[in-house]
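I have placed the structure first, in the form of structure tokens, so that the comments after it can refer back to it.
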Amino acid sequence: MKVSKVMTAKEAVAKFIDDGAMVMVGGFFHSISYVFTHEIIRQQKKGLTVCAASFNEHVDQLIGAGCVDRMDTSYVGVEVFGACDCFRRAVEKGLPHKIEIEEYTNFAMMARFMAGALGIPYIPINSMKGSDLLKYNAWMGDKKAKLMLDPFGSGFEHVLVPALQPDIGYFHVQRADEEGNCQMWGILGDAPWSVRACKKVIVSCEEIVTREDIGRDPNRTILPGYKVAAVVHAPFGAHPKHCQGCYDVDRPFISKYIKEAKTVEGWKAFMDEWVYGVADRAEYLKKYVDTFGMQQFLDLKARDISSSSVNYGF
Amino acid sequence: MKVSKVMTAKEAVAKFIDDGAMVMVGGFFHSISYVFTHEIIRQQKKGLTVCAASFNEHVDQLIGAGCVDRMDTSYVGVEVFGACDCFRRAVEKGLPHKIEIEEYTNFAMMARFMAGALGIPYIPINSMKGSDLLKYNAWMGDKKAKLMLDPFGSGFEHVLVPALQPDIGYFHVQRADEEGNCQMWGILGDAPWSVRACKKVIVSCEEIVTREDIGRDPNRTILPGYKVAAVVHAPFGAHPKHCQGCYDVDRPFISKYIKEAKTVEGWKAFMDEWVYGVADRAEYLKKYVDTFGMQQFLDLKARDISSSSVNYGF
Amino acid sequence: MTHKYTDFTLQEMMTVAASREIKDGELVIVGTGLPLLAAFLAQKTSAPNLIALYESGAYDCKPLATPSSVVDSVLVPGSAMAGGLMEGLGSVHAGDIDVGFLGGAQIDKHGNLNTHVIGDYHAPKVRFPGSGGSNDIGSSCKRTIVMMLHQKQRFPEKVDFNTTPGFFNGGKEREKYGFLGGGPSVVISTLGILRFDAETREMYLASYHPGVTVLQIKENTGWDLKIAGDVHETERPDPELLRILRDECDPTGIFLKKE
Amino acid sequence: MTHKYTDFTLQEMMTVAASREIKDGELVIVGTGLPLLAAFLAQKTSAPNLIALYESGAYDCKPLATPSSVVDSVLVPGSAMAGGLMEGLGSVHAGDIDVGFLGGAQIDKHGNLNTHVIGDYHAPKVRFPGSGGSNDIGSSCKRTIVMMLHQKQRFPEKVDFNTTPGFFNGGKEREKYGFLGGGPSVVISTLGILRFDAETREMYLASYHPGVTVLQIKENTGWDLKIAGDVHETERPDPELLRILRDECDPTGIFLKKE
């Protein structure tokens, strides 16, 4: 056994999320590490640049809490179900303060993460061409993207997007071992590229398993331990988002947030109740059960649809 | 059920491997589709450009048989175990005829496949810089690679390598369904990028399973059916290479080939016996058992080291 | 509750119209909401060999219930492949996908889409989510189907922000960019079906939905909308289609409002 | 067969010397043969926290038997990750890997390696396999350990083909390329251990293996090899190390010839 990286979310955020850091927030509309998101808010981290292929309402909470100065992304919304109103207030009214946004497309963000993960300096793509995404930039200036004529002679221009290597990333998986080997299944979303791109990653997981358990299905490993700085045990750590095989999305709870966040006061009340007012994830879950009842909590739990097994023998 | 793509290797090779085509040969020192390789030789395909990140002795058989005019790769050898002597004879003596070689590194080949798979026109890398790989080129001329100063201002040059989109690819997997959805586990080698880069792929597999079986573990799918033109049922189809969970490498048989291929006559004798002299894979396997005994054949079979199962429930 | 399969909402009309745009055997990248229902409907009726994939990486799904998002866990069991964005959007960027669905806050005369801002980019009146995968889908899918709420401010002559280019200023302008995708082939709005002139690439009205007039559509469009010579009422949904749509595609009414 | 753990072959000497070059906790990309045994030996002795990965995509493996290649199935069960080349070589190209192993047909005075041809590229006397992952490892691993058969024709002043650049013509020439990797740190040959001068980047002899003379090494080197002021005999393998190497790392003698 190598040195254990297991610690609490409080310790991991205190130790690895620095004010002013570029932070990759893993998960694509699912399996978001809400446990870290809420801890970052409670620890009042400041001046963060947050990046992700696409953001849902979790980043709205970070923006409302004043943690975010800059965003590097393609999307901030909740699909057809509503708007991120803290994001809108920040952009439209400068509340709680103005944020800068460097805007790409979803594929462009993924290409940038992939480049970062593989040590490729930039990637030429066909997306973004001719669009107003190329008209505007923020802190990156003319290093946001470059138009270049194909040196291989197709006669067309491509958009070169630069590699992205965030200082730190966080994400949530079904299981990890104490050395940080992370396994994930179901839809993979932005993984593995977004996490592999980060200099270091902190991970929350439904279950901490042994190194031997990891070795029983090594194709499920989405991130090797050497990239991981901290492993946090956090059952239901993605709630109200879903985590394949563990629990379903809690859409009523997300809708409740979206509705209450329509006003600053409503947002504050929600956050006081569910973030600032609880010490950690265990208290949050207890509060959930106290508020909505054990049955509603248990209803979230995934049914059993077990995968088949394969033979790894030699 | 969509239309079945199941056919024999004979049919698949006749239908989808055209003389003069650029053919991607999948597998990285393992899980090579020998069933297609031998069928291509029997059907005396001509003027092929073969590409792969790295090649083992299987390509040596294609070269010796005169199927190959051009190679686009980083490596032709058998690691520490011997040389590919047909390859050497072709390069050193022009036997059976001269071949052209476009040479890259392993990572460069993978980057080119990845680019091909993703519609990225070229990829800038740090490998190959300053090496003699940039001094020489074959049919691609100055489109083999371009040196370009980083437009994002690092001050360094990178090597731009062009996307590779072979006309057709072939590879071997543990299981596929009739629609061509392919599942693989163990070391993935050049997959998925090499196969995803191809315009079309023909696949041989240990087992044809139902579409429902595929759906019981969708994270194992390495290539979606839409890319696949033909599915061929070929148990032991990678022999003498190994296939995780099915059978181990047959190193004595590979050594036998390497030894016999040291002379043109030895090579011809081996090929007459094991390729030209058998009609198909079933005959090949029968011959193997007749020659080496059932016990040696059974000894290749993998022991059972079953994976754990995961829950895909929602 | 009894459903009348001869009455239908405009949402249902749009979904049925969109399903008709998909040919059997096509690869379709599907988003949340009506596009998802349109693809399901097509799969259950006219296009049984359609393959639906999602930008999240789920491919050829057989969901046991209506997915509420493109990453819904229900998409996974039974699907042919569960990958990530690089599998989903990678197939798009490679030009492999036949049809993509798009929508937005604004679409203009030449099919350019805006999902960014109303007003000035730096001081917007309203801020929307941004591109996400829209620009990728619009740039590289062989063709796109756009679904829009038909209101004058949503159909301006020129979008405030061109998130996902259609035909730019019309004519051959799109061609100079070398996109793998051909651009929007149809706009299915709450009022009618609009297509693009093959030469000028200007949007025109092809048909008006039952109960809607051409005048009403012109009044809700921000430029002098051209009308097809053979303009006609949009073909009404077959009652059997409506039944499948309501009872099989969205039985719990996630996307289709129940009366 | 009884092993004497005080006698050893030059292969064994090389393997032990290579294992000494790895620090505990390092990420090491391992190839077939002696490098694989060196990494195993280090892991079992001085570097228990070493993580070995393979360009094929296998990572942190706990093989139940000695793997005969970098894609041996035995590497998979119990490993922490089974990916592909993009996982293995991707980590290399990203600059994440501390140590890589290299070898070749020729190495020259400034550590440039040739795995391509002897003679003219277009009309070679002997053709070798090519780069494979060598150039990638040499370009981007933090440092590399080179293992070579020490013969005059294999140690020319200048390689016939520069497959994997070391320090080019010496001095600061490597630095102008912006590689993430620092180049070769040591050459472990069948005759001795050679390192590179920090200024000139010229290879010099640091130690000679037991039973080998400095003169013998000079005679088997294709240029006027410089000798370290403190040149000495290579530290002999500890008998316990030899036991572990023979009995635990390669018990069936896949790579180490048995007498």
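Per-chain residue numbering starts at 1, and chain names A, B, C and D are given in the order in which the chains are listed.
Just so we're on the same page, a residue touches a chain if its C-beta (ideal position, glycine included) is under 8 Å from a C-beta of that chain, and two chains touch if they have at least 3 such contacts.
Note that the coordinates shown come from a computational prediction; the quantities given were computed from them, not determined experimentally.
S.K.: Enumerate, in label order, the chains that touch chain B and chain D alike.
M.R.: A chain counts here if it touches both chain B and chain D, which gives A.
S.K.: Please report how many Å separate the Cα centroid of chain A from that of chain B, as a whole number.
M.R.: Measuring from centre to centre gives 37 Å for this pair.
S.K.: Counting in whole Å, what is the centre-to-centre distance of chain C and chain D, each centre being its mean C-alpha position?
M.R.: 58
S.K.: How many angstrom between the C-alpha centroids of chain C and chain B?
M.R.: One centre to the other, that is 40 Å.
S.K.: Quick check: what residues of chain B touch more than one other chain, meaning two or more?
M.R.: 118-120, 125-126, 154, 185-186, 188, 216, 219, 242, 244-245, 248, 302, 305, 312-314
S.K.: For chain D, write out the residues touching at least two other chains, lowest number first.
M.R.: In chain D, 58, 72-73, 76-77, 82-83, 86-87, 90, 93, 140, 180 touch at least two other chains.
S.K.: Each pair of chains that touch: what are they?
M.R.: Chain-chain contacts present: A-B, A-C, A-D, B-C, B-D.
S.K.: Which chain C residues qualify as touching chain A in the complex?
M.R.: Per the touch definition, chain C meets chain A at residues 31-33, 54-58, 68-73, 75-77, 82-87, 89-90, 92-93, 116, 121-122, 124-136, 139-140, 161-165, 168, 174, 177-180, 255.
S.K.: In the complex of these two chains, what residues of chain B are touching chain C?
M.R.: On the chain B side, the touching residues are 2-3, 117-120, 177, 179, 181, 196, 211-212, 214-216, 218-219, 221, 224-227, 312-314.
S.K.: List the residues on chain B that touch chain A in their complex, please.
M.R.: Interface residues on chain B, with respect to chain A: 111, 118-126, 143, 146, 148, 150-154, 158, 160, 162, 174, 185-186, 188, 213, 216-217, 219-220, 242, 244-246, 248, 302-314.
S.K.: Tell me, which parts of chain B touch chain D in their complex?
M.R.: Going through chain B, the ones touching chain D are 28-30, 53-54, 73-77, 79-80, 83-84, 87-88, 91-92, 103-108, 110, 114, 125-133, 135-136, 154-157, 185-193, 242, 244-245, 248-249, 251, 302, 305.
S.K.: Touching residues of chain C toward chain B in the complex: what are they?
M.R.: Checking each residue of chain C against chain B gives 27, 49, 51, 53, 58-60, 62, 72-74, 76-83, 86-87, 90-91, 93-96, 140, 180.
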